[in-house]
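Chains here go by letter, A, B, C and D, matching the order in which they are written, and residues are numbered from 1 within each.
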Amino acid sequence: MTVTQETPTRTVTRESAPLHASLIVKGRDRTGIVASVGALLSSHGANIVSLDQYSDNPQGGAFFQRTVFSLDNPQAVLPAIEHDLRDRLTTDFELEFMVRDMSLPKRVAIFASKSDHCLLDLLWRHRRGQLPVTVAMVISNHPDTAEEVRSFGIPFFHVPSMGADKSAAEAEHLRLLRGNVDFVVLARYMQILSGDFIKQVGVPIINIHHSFLPAFVGAGPYAKAKERGVKLVGATAHYVTEDLDEGPIIEQDVVRVTHAHNAADLQRRGADVERAVLSRAVEWHSQDRVIRHGNHTIVFA
Amino acid sequence: MTVTQETPTRTVTRESAPLHASLIVKGRDRTGIVASVGALLSSHGANIVSLDQYSDNPQGGAFFQRTVFSLDNPQAVLPAIEHDLRDRLTTDFELEFMVRDMSLPKRVAIFASKSDHCLLDLLWRHRRGQLPVTVAMVISNHPDTAEEVRSFGIPFFHVPSMGADKSAAEAEHLRLLRGNVDFVVLARYMQILSGDFIKQVGVPIINIHHSFLPAFVGAGPYAKAKERGVKLVGATAHYVTEDLDEGPIIEQDVVRVTHAHNAADLQRRGADVERAVLSRAVEWHSQDRVIRHGNHTIVFA
Amino acid sequence: MTVTQETPTRTVTRESAPLHASLIVKGRDRTGIVASVGALLSSHGANIVSLDQYSDNPQGGAFFQRTVFSLDNPQAVLPAIEHDLRDRLTTDFELEFMVRDMSLPKRVAIFASKSDHCLLDLLWRHRRGQLPVTVAMVISNHPDTAEEVRSFGIPFFHVPSMGADKSAAEAEHLRLLRGNVDFVVLARYMQILSGDFIKQVGVPIINIHHSFLPAFVGAGPYAKAKERGVKLVGATAHYVTEDLDEGPIIEQDVVRVTHAHNAADLQRRGADVERAVLSRAVEWHSQDRVIRHGNHTIVFA
Amino acid sequence: MTVTQETPTRTVTRESAPLHASLIVKGRDRTGIVASVGALLSSHGANIVSLDQYSDNPQGGAFFQRTVFSLDNPQAVLPAIEHDLRDRLTTDFELEFMVRDMSLPKRVAIFASKSDHCLLDLLWRHRRGQLPVTVAMVISNHPDTAEEVRSFGIPFFHVPSMGADKSAAEAEHLRLLRGNVDFVVLARYMQILSGDFIKQVGVPIINIHHSFLPAFVGAGPYAKAKERGVKLVGATAHYVTEDLDEGPIIEQDVVRVTHAHNAADLQRRGADVERAVLSRAVEWHSQDRVIRHGNHTIVFA
């Protein structure tokens, strides 16, 4: 294995306990937000399990807060909390917020092509209980991984996508996804999604790009890396936007290579980084640890 | 340079602004602590700049919170905040707390011996404005670094320490330190401090040990590492207790070595890790990011 | 994913080409060894593809050389080369050597227990063509992974091993292994092998220990690591000797952890390092990159 | 400290012993080169201390070999070896070679501007005996570091370089450098060298660029990195060519950053990577470990 860096991730276990909920707050920073949120949660008997907060400028900058709290009866109390938050945060502070029952794992569809390393790593981690998601389905433009995916007990759909016109394939994708998933992961899916699809699917899409963006944008990054003689190759997990390889970066990592590695070696070593980086991004997204802000992300990892 | 790992440190700059203060709270976890602290700070017009919180068990476990807040007039308001905190936290919640005006850098004494890499790295970083401390003095049992230290404008005291009886040297140390420093850093100081000295000095002492503790406890760790044939060597910054090499670990890191490195090479490569690890520990301690808890540390880095 | 360090591995592909052979030479260093070997290979029409050499002291120290060379007709020429090497190296230089046709992958048996992360990672890398070995069989003291292993087309043998007396299980192991494998990998096999078994099996055994040895020797290393409050956890691949956890280290790596990780988290994060470290050790061993020397290894990675 | 990756460097000490010499060979690969070189060195009584070899294709690809050998009397024997090498390698094999007495350290001029972290790290490593070079002089377009540089016993020359026309400054540079140095290091020298200067100076020039090239080419890379929201920042040491930031890369490394770091923080964290990467590049270059090949480097680190 080859990944050279990492960030501290906290345990899935504790925060995913049945009675936990997450609250994301974002907006313009003002005095008293943390106190207000704390008081509001307390008044409903919620106990704060963890709290992360970031402000890019305490004088009116952008404010971000992630709070995980426990409740004896989330189903009953969460609506009331949400109602009060709407009152307090939206009205008084003009903040956005999102509250979610963490006992309900997010549902994900994984898109893949022929390359299986990212796909299988996610399925393995999921089976080991390390990814708090429900893998609703795997969609691939190749049938190759069908049997393996189904051996994990996960539905596999083969949606061919040939030629320049992706509209038929994307229509099929939308039919499969609509209402069924909370986010999509492109696990080395080698097709470009249309802007129209991105809009219509209506859920976040996470992609793994096989380079340390913004180096080696576009196709064939390992060949380009070999050509340039770099001493590290990397991978980047990012949210997909209409601008190819330009979406908000969630996570990146690199691995050392030498003159003795050819482009195929870079690809092989890079594969380990890709699966590592993607699994971190998926874990963090599924735990509401990633907040989008313009073309950036705040990651409370 | 050789260090292979790192953790995210946030900027010194912003949090060290003139009007900032830090608040550390620790004790048994109960519902409502974060909210109470938030409300109390708000009521004094304090604006929370950053907040880190950790509980090892939300049901009555150990609770830790670090809050940095800004005030328009800290000198005037901090005493009132402290008074209210005493009321609220100590009485209602049975918590300990520590509040500190961050515009007043902590004063440190650095102890060194002949080896200068850790000492000079700290002095350089300090001169570059990267360590928010006042280096009150350097104390060494060798005169070798006197000129270099003084060229940084820092007082240097040579206190020889020969033979088994350290009491004279330690008495001199106490005379120099008492009232003058908020913590002590042993920057490869090659003398063992007596339990009596540790008690009397009354401030935290940070040591850098030249191995990845608990591997290779005691003297000559690089020789031991070579003997055992390890593939990584490391360094550990820890608070000094009476039990040699057993105090609470603040930070650790490692660097790769190979069969081709002899013990002197390990020492040379290790020196880079030592200075890196020690500088992180000193930075974090000086920013109140490290909370001791039994023989562990909570590090809000 | 979590692994924080790595070493440069070169491509499997090129050196494993059908017409390649490896030559390992070790012994006391003397002037002229490299030249002699080079001349001898040249005289048989061998072309040196790569050459690594190390001497811990050019004046009579220990000398190690790994040479990969290509031949048009290895089956025909290798015996002649071996004959000449015996003449030259053994007689003139008193060196040991080992020559091997790299087109014949080493045969390995993998031992596992309930934990499947190391086992599956090896099988998956093997299927991707990244490990130049033949996986002859998987042996486990638990039946749990049987179906998954067999889905890779690999024989699975369940050999229960309960109680203190392992002799029946070990006899069964020997029956299965004898003549069938070139080395054994313990992929988190949770049984201690007897000294008698190690002797009788007669092939190298590689183990993955779930700590950065020599820290946390023995059972329960993650719990011990949590107890000590370390900031990194690691894994160590080593050759098995009769002294538990004391055999020659092949590879090690670490991953950062924080106060917020409990022992289960350390185990989860450590699992990523374990599979990474073990896969490197297996790859290097299968390519004759690891030379044992007393309780150390020379690794031409 | 912050550097997250590293490569194995071997000890300076052993290979820099008084009686060692290095031989670099490059050209088109053919059968028998290693053997020929070995035989030739043996015939002069040279003992090979270390040998690294790389061929990008054993069938007529590019061949590279670095050999360090010891001689009882290098001054007397090296000319004879060189003569024979010319005969054998140049005539028979059409190879290029370079042989050098390693007891004579390469002479280097360090160029700096206001920023002192790379400059001081090099001087400090040099003083500790870790860089086998003679620092002939430091040249800066600012006088700020004069006193500190001279305290290391090293000549400092202030050569102002203002305005678009650098020709006067460059003429002064050439006057200082000519005949006095074997290579030049740009240790965060914030002036662009003209193509004419590069040609006339006639020795290799190593630059440290403050980004992971090819990401963030040109000025202000940390601001660009912040803008793009990357999760790692890096540094690149490369040989200077007329194409700005496009020369052969010697070494690269990265360090993790988060959303909480502003551009100044990136710069501060990056500074640690810069000095680490540059010191490795300088060490390797001074030990003849780096071979240029087109726009790539072979690094036998």
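By definition in this document, contacts are C-beta pairs under 8 Å (C-beta built on N, C-alpha and C of every residue); 3 or more make two chains touch, one makes a residue touch a chain.
Quick caveat, the model's predicted, so the values are computed rather than measured.
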- Query: Based on the averaged CA atom positions, which chain is farthest from subunit B?
  - Reply: C
- Query: What is the size of the turn, to the nearest 5°, that moves the C-alpha atoms of subunit A onto the matching ones in subunit C?
  - Reply: 180
- Note on the structure: In whole angstrom, the CA-centroid distance of subunit A from subunit B equals 35
- Task: Averaged over CA atoms, how far is the centre of subunit B from the centre of subunit C? Could you give it in whole Å?
- Result: 41
- Query: So which stretches of subunit D touch two or more other chains?
  - Reply: 4-8, 54, 253, 256, 258, 260, 262
- Task: Quick one: which bits of subunit C touch subunit B in the complex? Just the residue numbers, please.
- Result: 4-5, 7, 54, 56, 212-216, 228-232, 234, 248-254, 256, 258-260, 262, 295-299
- Item | Of all residues in subunit A, those that touch subunit B in their complex | 4-5, 7-8, 29, 31-39, 41-42, 45-55, 58, 70
- Query: In their shared complex, at which residues does subunit C touch subunit A?
  - Reply: 1-14, 117, 120, 124, 128, 130, 151, 253, 255-258, 260-262, 264-265, 268-269, 272-273, 275-277, 279-280
